[in-house]
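Naming follows writing order (A, B, C and D), and every chain is counted from residue 1.
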Amino acid sequence: MKPRLAPSLSLDQAPRFHAHPFDDDKLKEECGIFGVIGVTDASNFVALGLHALQHRGQEAGGIVCYHPDAGFNSARRFGYVRDNFTSQDVMETLPGPLAIGHVRYSTAGSKAAAIRDVQPFFGEFSRGGAAIAHNGNITNAIALRRELIERGSIFQSSSDSECIIHLMARSLQKSVPERMEDALRRVEGAFSVVAMTRTKLIGVRDPLGVRPLVLGKVADGWCLSSETCALDIIGAEFVREIEPGEMVVITSDGKVDSRRPFRSQPSKFCIFEHVYFSRPDSIIGGKSVYDTRRRIGVELAREAPVEADLVCPVPDSGTPAAIGFSQESGIPYAMGIIRNQYMGRTFIEPTEQIRNMGVRLKLNVNRALIKGKRVVLVDDSVVRGTTSRKIKEMILDAGAAEVHFRIASPPTAWPCFYGVDTPQREKLLAATMTEDEMRDHLRVDSLRFVSLDGLYRAAGEAEGRDNACPQYCDACFSGEYPVEPSDMIEKGFELKATE
Amino acid sequence: MKPRLAPSLSLDQAPRFHAHPFDDDKLKEECGIFGVIGVTDASNFVALGLHALQHRGQEAGGIVCYHPDAGFNSARRFGYVRDNFTSQDVMETLPGPLAIGHVRYSTAGSKAAAIRDVQPFFGEFSRGGAAIAHNGNITNAIALRRELIERGSIFQSSSDSECIIHLMARSLQKSVPERMEDALRRVEGAFSVVAMTRTKLIGVRDPLGVRPLVLGKVADGWCLSSETCALDIIGAEFVREIEPGEMVVITSDGKVDSRRPFRSQPSKFCIFEHVYFSRPDSIIGGKSVYDTRRRIGVELAREAPVEADLVCPVPDSGTPAAIGFSQESGIPYAMGIIRNQYMGRTFIEPTEQIRNMGVRLKLNVNRALIKGKRVVLVDDSVVRGTTSRKIKEMILDAGAAEVHFRIASPPTAWPCFYGVDTPQREKLLAATMTEDEMRDHLRVDSLRFVSLDGLYRAAGEAEGRDNACPQYCDACFSGEYPVEPSDMIEKGFELKATE
Amino acid sequence: MKPRLAPSLSLDQAPRFHAHPFDDDKLKEECGIFGVIGVTDASNFVALGLHALQHRGQEAGGIVCYHPDAGFNSARRFGYVRDNFTSQDVMETLPGPLAIGHVRYSTAGSKAAAIRDVQPFFGEFSRGGAAIAHNGNITNAIALRRELIERGSIFQSSSDSECIIHLMARSLQKSVPERMEDALRRVEGAFSVVAMTRTKLIGVRDPLGVRPLVLGKVADGWCLSSETCALDIIGAEFVREIEPGEMVVITSDGKVDSRRPFRSQPSKFCIFEHVYFSRPDSIIGGKSVYDTRRRIGVELAREAPVEADLVCPVPDSGTPAAIGFSQESGIPYAMGIIRNQYMGRTFIEPTEQIRNMGVRLKLNVNRALIKGKRVVLVDDSVVRGTTSRKIKEMILDAGAAEVHFRIASPPTAWPCFYGVDTPQREKLLAATMTEDEMRDHLRVDSLRFVSLDGLYRAAGEAEGRDNACPQYCDACFSGEYPVEPSDMIEKGFELKATE
Amino acid sequence: MKPRLAPSLSLDQAPRFHAHPFDDDKLKEECGIFGVIGVTDASNFVALGLHALQHRGQEAGGIVCYHPDAGFNSARRFGYVRDNFTSQDVMETLPGPLAIGHVRYSTAGSKAAAIRDVQPFFGEFSRGGAAIAHNGNITNAIALRRELIERGSIFQSSSDSECIIHLMARSLQKSVPERMEDALRRVEGAFSVVAMTRTKLIGVRDPLGVRPLVLGKVADGWCLSSETCALDIIGAEFVREIEPGEMVVITSDGKVDSRRPFRSQPSKFCIFEHVYFSRPDSIIGGKSVYDTRRRIGVELAREAPVEADLVCPVPDSGTPAAIGFSQESGIPYAMGIIRNQYMGRTFIEPTEQIRNMGVRLKLNVNRALIKGKRVVLVDDSVVRGTTSRKIKEMILDAGAAEVHFRIASPPTAWPCFYGVDTPQREKLLAATMTEDEMRDHLRVDSLRFVSLDGLYRAAGEAEGRDNACPQYCDACFSGEYPVEPSDMIEKGFELKATE
């Protein structure tokens, strides 16, 4: 008999609301992590860092810290960092020079989120406690959980990440870093982890380096962050990326020890971090994310030119690529669609009198600008296609002469199992339609996606994709999964047939 | 190195407020438990039962239930049952024919309560989950916790009760009742436990039967409750008390199976349940608690008569004994002290202009009645003595001619380690003073406590206390602990020297 | 066209909950008022005073204060004083040496209470502002409101009391006390008012003195309060009652000026204040309210003796009369009904399996005590009779041999229009039935009410009621209204036919 | 003696938070208004309309509606429309076919906002009630208030707008539209007002037409809105602008009656609505606001060209002008500054270790893009100059070679008294410095503002400003106030000396 993944439903449910205009039609990064050691009031730094990483998870956030007198303390809350971790009242309860934090987006399947699913997770071991914050997804979590329960572990959450802390608790090793190495060697999938003991800050990336993790220097201390934009907010200096398969153990006296607990493998960084997940002001592999996106627009303009009067981004994620498209094509860039800055929960729609209210609440067409024009709309991706269709209708209602969609990523045809919230495969428009079928389905004058090679070029691979050994994880486009999604296969997921 | 009992401080702290006038100067029962099987909407019954048991724990409450379709669900909240478990919104999330619940008062030591300390506790085992609710205290909890952590268990709370669920998770037995027997054989101390699986309601009392647990019949189902008053509220019929050392396993089809997992011992029911903890409308051992208390007053009037004009209870717990004292002595009974029904949190006291505000917020003397009178004040117990002194001052300020205290229990000279919140021994007035010294300390005209034999007689033991083998646990009065408090001895507590 | 009394429904609705077991079957006092001048942090004193007067109104409370630097400040909240006016945060916003406050119970008719109905009311006049707090009811409020609206006044609340502040604003007089005299001469009905300007505390009682108001001395300042119990809580000395038709104007330097703005009339204090409204530890006319109630029990035992085994109060309001009945009759007093101290909002009642849950949530019978006994139940009044019937059933279910009701007031046959929340006349049991019919309706072995003369005797009128010119307002019993309820007559209320 | 404008401080204070990155350094529109008649569930339409107008006031919002059965109902709340007026619970209390609403930003001076300051205001008159919502500012409010208080009116808020409803209450006219004409003829300043009775929706603009108001058609009903973007959200058709000095009275049967209650004057629409206040997707005078802003950028590029590598907007308000500047100058447009989408309340800044955190919380520089570049920064306006300076520092810290500021409005040298929150004159950078002094103060390589003529040209006046009779109100730039600010002059404000 299989264990239930979510044995108990808590009442402390989170309100779901979406900060992006079409959140329900986007792939969503599930986590951002941040840690700092060697500073006064470390939790304040973590709060700021998490605020800068809020785009990686808006549902909930948590901080664990340690102070020699006050011991470990923690706070976990639903909602934005800015609302939960800014008051003097809360922050005073989180003292000490060492802290880690986590922001999360819920997984697609969970109907009711519980506060106990909010990381960091904490465990008291026989020689002292540790806390962990995990970005990614463990692909053998179901099997691990079953095994751990049979041995007598009691799970408190429905999170795959909890396996790590139980594996650590049961490790025969003594020190926390050694327990962690021991545990992570049993774990498959994608993981960037920030952890802490009473005296150490620890960072690890999985052997493929699917999720990002960077090292920064702040005052006399060190910090670890999912992205560089969170270093900027606290005035930290970007030192380097943690390498795939690397573990760094940073002590209170500022020593950074690098270890290699895993077998070496070719790296497979998630290419979608370039397309959408990461913030445009972050730097990946030495390059501005914004500029990579702009260059995708340039590639698109070359691969799929069109005669038109205006290039308009779908706000806000299509903006950099639209600028690039405009620059390469010479077609003027314009804000044809205006976003309402005060979006939030669902309004009650006046019955039957108003259609498409969902879109209008968030976006409005700049009618006087669009009327009679041939418009190129640039968006970052097409997932279900539902919003693309609504936007097209808004633009046509406003009197546009032609609508041409240009998409700054290849067709998203496969779900991600490495820490991203994706619909089931059959919900992905590109899983069942060709580019032409999608164009007809969306009823636009033209629809073009950037090629995989174009995307790789924009990301800095001058030669495009190395199909023998791709430089990135691009499973959502290619269906080539660098780590076997074993839990999903057990549940019936079918891998792409190898030709 | 010893493990920390409360590794992490949560921010979800409970507001502390006291429903009784002098809560900080009373022994406090720490828990009430209730369970029901075989009814529609079991959680509603549990909510009602817990409401009737609210006097056993006001800080927090929790309910776990099971429905074949919805699985296990739970809700745990700080505050009163009436405020947390009455709305349609909440109760609809707790469906099913089987539920257990718990109300708790926090232990003396814990500065900040956390929601994860609120029971029932839940564990998913390899063949299905179980939830437990515990009234009592495990006297070897620290040793058990240390052992379990060394084996890799991760504790989520600072509660001693969590040991039980981890012991169950690690049991080599398969069924939940067998796992529970296995676990409870490792546990020392006082425990009445109500537990549930997907199909069974389980009740257990420790071999000494220190804490109460009764069985009731409601409609086609069965219920377990700390006290009979909670049977009345749901219209259940009182069937019998669960016996010391007995485990009952009740199945969905209404079968009640009785087991005896422990070695038989003479029972040691807590005599303070008669004095203060239990509700006056509950029935223990076939006798009305109210009437036992009234009879303590009768014994007091015989043992310690006094010439006076009025007998006044200290509201509300002194009322039954005051009635008995009046009836036996012929001195008129009067409400000389009136309690404010709207007590709550602390007021800001106007600086320096008002003294003793703490008492006046809660009680007021009936001046016109008291003036010039010789007053007998009847209270249930003296713990620290701080409030006895304040009340005496109020009565004298109002112009009483004499004040005579009569206490409906023997001097409380020893802390309880079996599930009651007691101050440290040195804080107990009777630990350091004789009756005469206490009288002088309180500056009253006379002070008398009922004798241990008088108390036993009022509780139905016509011959008084059997000193060779006392019929009750009276450790708080006698210092004779029926179970060795091993954790406390490890921490330095000294047992009474045996003569 | 008539103006609407409640033009706009606010969303800031108050949760209704009842602190007394059968609140829906009691007459309810609608207000308590308190004011203080000449002390540091006057608002803290007012908060304490209102807490002591909470029994006079549980729905909402408000405080207005004045500080020479901070000006007028105010706070109005739904809920208990203890929950709203105790935090440092709130009290710090209410500085100054002068403050007044108000607690209120909502009127029967208002479906949704709004925060703007919560007193004190404030008005800025051309020579400075004033705030007023009113206990009572204006019987010509509808006519006054209509007139004021026609002149251009804008009402902000649905309260009759708001008329007073508008009349003051329009007065041709200059000083606030003179404006107040001017305004109150236009007002009919019952009113005790506490008011304040920047430099004065003012108290007034209507010419009949229907509602109470007392003067106290605290430190170097003075206070005004509905009852003496609120003087005790702040350690104030009771000086005297404000006399019917008297206005006192107290200045910051401690001068108390007494005025007589109204034509002199025989006083008509509300006799129900003795029966139920006032707190038992208050003193009215030099006599303990508790003792008056006890003496009603004595009168009842003389007027309506019965052979029985136990005298039990209906908690808590029947207690003093039950003690008196027991003392006069010699029948032992016993707590046959136990009240749950944790009452609150409505529980969801398990469907069809439990009857009379409403009562059981609040009260429980002491079964072991009652069984086989002939029981005298003493209650303070019978309004609708619904709860009397439920209690009788509980007592019989518990096995009582006989049930005799003794009521510590005459039959309540007429609604009150002077500041008390009464059901419509046809809902009053005594309006449509004789004593015998009520006995049969309630199905008890006997039912007797104290006589009007007995009640007057207990209240200190040795000769009983002076029918030519009654010493009290007893309209709820006699139907003799000392002030014509003109608004109600306009709405169709029919006065008692004069024989 | 002068009356106090804010007699009483409420505790219901609003949390202040800013949705725009540098809200404290922007002029702020104070209100948005919306009304609808002749639709089902009018309040839902109003909620949607207010959501689209949220940029005109984020502090609070209110809705009043009328239903023949339910009468007038209202809700007023602090915070965003999306958070307050979207739940079924709230919206169900606001029934009916007729409703008006208001969003507001607080005035600069008020320290503590009170819920009673939140519009719409409601008054019950002798022939029925009316509600009003006001955008603008009454320049003789203090004098009017003093007069009304002397006549006996009681003000409930500290808002200037409340004068209107009191003037209406006291009007000798009978119908609400006539009372309104009567009242508004006494009022000086800027006002667009939406009002309602039980059967009519009314809209008025002051004779100069300073604030906008437009008429729309939705289904069988009509609506009035501050801007056209709120028509789009409910699918309403834009009919026409209400003309300066026009009053429209719309009845339930759909009849629109136009009146001219004021003396005709040349119109003076606020030119800052084009610069910043209005939403870019609104249409004013037939022209897209976005395009006007883009054309300001074009004018700027012509008037103040510069050699540079990148044109970057200060997000988000500088974006359209930056696009125009890039298009005219040929310098590439780039997102050199990235805005954090999750801004909110103030964070606790880690002490002394981090400077300029305020800016970094909201904005981050795209370092990899900016480094070594000559950057043109385009912003909409300079008010205090504090944020311009911080942004310049961020850009230089990131390694920019040169920083050139181009401002899409003339120097803001005078406060606005017509419904905009402006700092006092001495706080305006341009009030005390020349353009060159400002450049030196900000330490940038160059600083240029668009000329008044350039602004007028971009706004569609081909010949630029008509200095004899300016086509717009541009008092904030020119100091030429079309309505004398009499309250402010009384308080000591000095008008620009006429040469």
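In this section, a residue touches a chain if its C-beta (ideal position, glycine included) is under 8 Å from a C-beta of that chain, and two chains touch if they have at least 3 such contacts.
All of these numbers come straight from a predicted model, not from anything done at the bench.
A.B. asks: Quickly list, by label, the chains bordering both chain A and chain D.
C.D. replies: Touching chain A and chain D alike: no chains returned.
A.B. asks: For the two copies chain C and chain B, is the contact made of the same residues on each side, with over half of the numbers shared, or of different residues?
C.D. replies: same
A.B. asks: With chain centres taken as the means of their Cα atoms, state the distance from chain B to chain D in Å.
C.D. replies: The computed centroid separation for chain B versus chain D comes out at 62 Å.
A.B. asks: When the C-alpha atoms of chain B and chain C are each averaged to a single point, how far apart are the two points in Å?
C.D. replies: Once rounded, the distance between the two centres reads 37 Å.
A.B. asks: Starting from the mean Cα coordinates of chain C and chain D, work out the distance between those two points in Å.
C.D. replies: Computed from C-alpha means, the inter-chain centre distance equals 50 Å.
A.B. asks: For chain D, which residues are shared contacts with two or more other chains?
C.D. replies: If we look for residues of chain D contacting two or more partner chains, we find none.
A.B. asks: Quick one: which bits of chain D touch chain A in the complex? Just the residue numbers, please.
C.D. replies: Going through chain D, the ones touching chain A are 19-20, 39-41, 44-45, 47-48, 51-52, 54-55, 58, 80-83, 86, 88, 91, 218-219, 229, 232-235, 279-281, 283, 286-288, 290-291, 294, 316, 319-320, 323, 327, 332-335, 338, 340-351, 353-355, 357, 360-361, 364-369.
A.B. asks: In the complex, go through chain D and note every residue touching chain C.
C.D. replies: By the definition above, chain D touches chain C via 1, 3-4, 7-11, 64, 70-75, 77, 90, 93, 115-116, 122-129, 146, 149-156, 165-166, 169-171.
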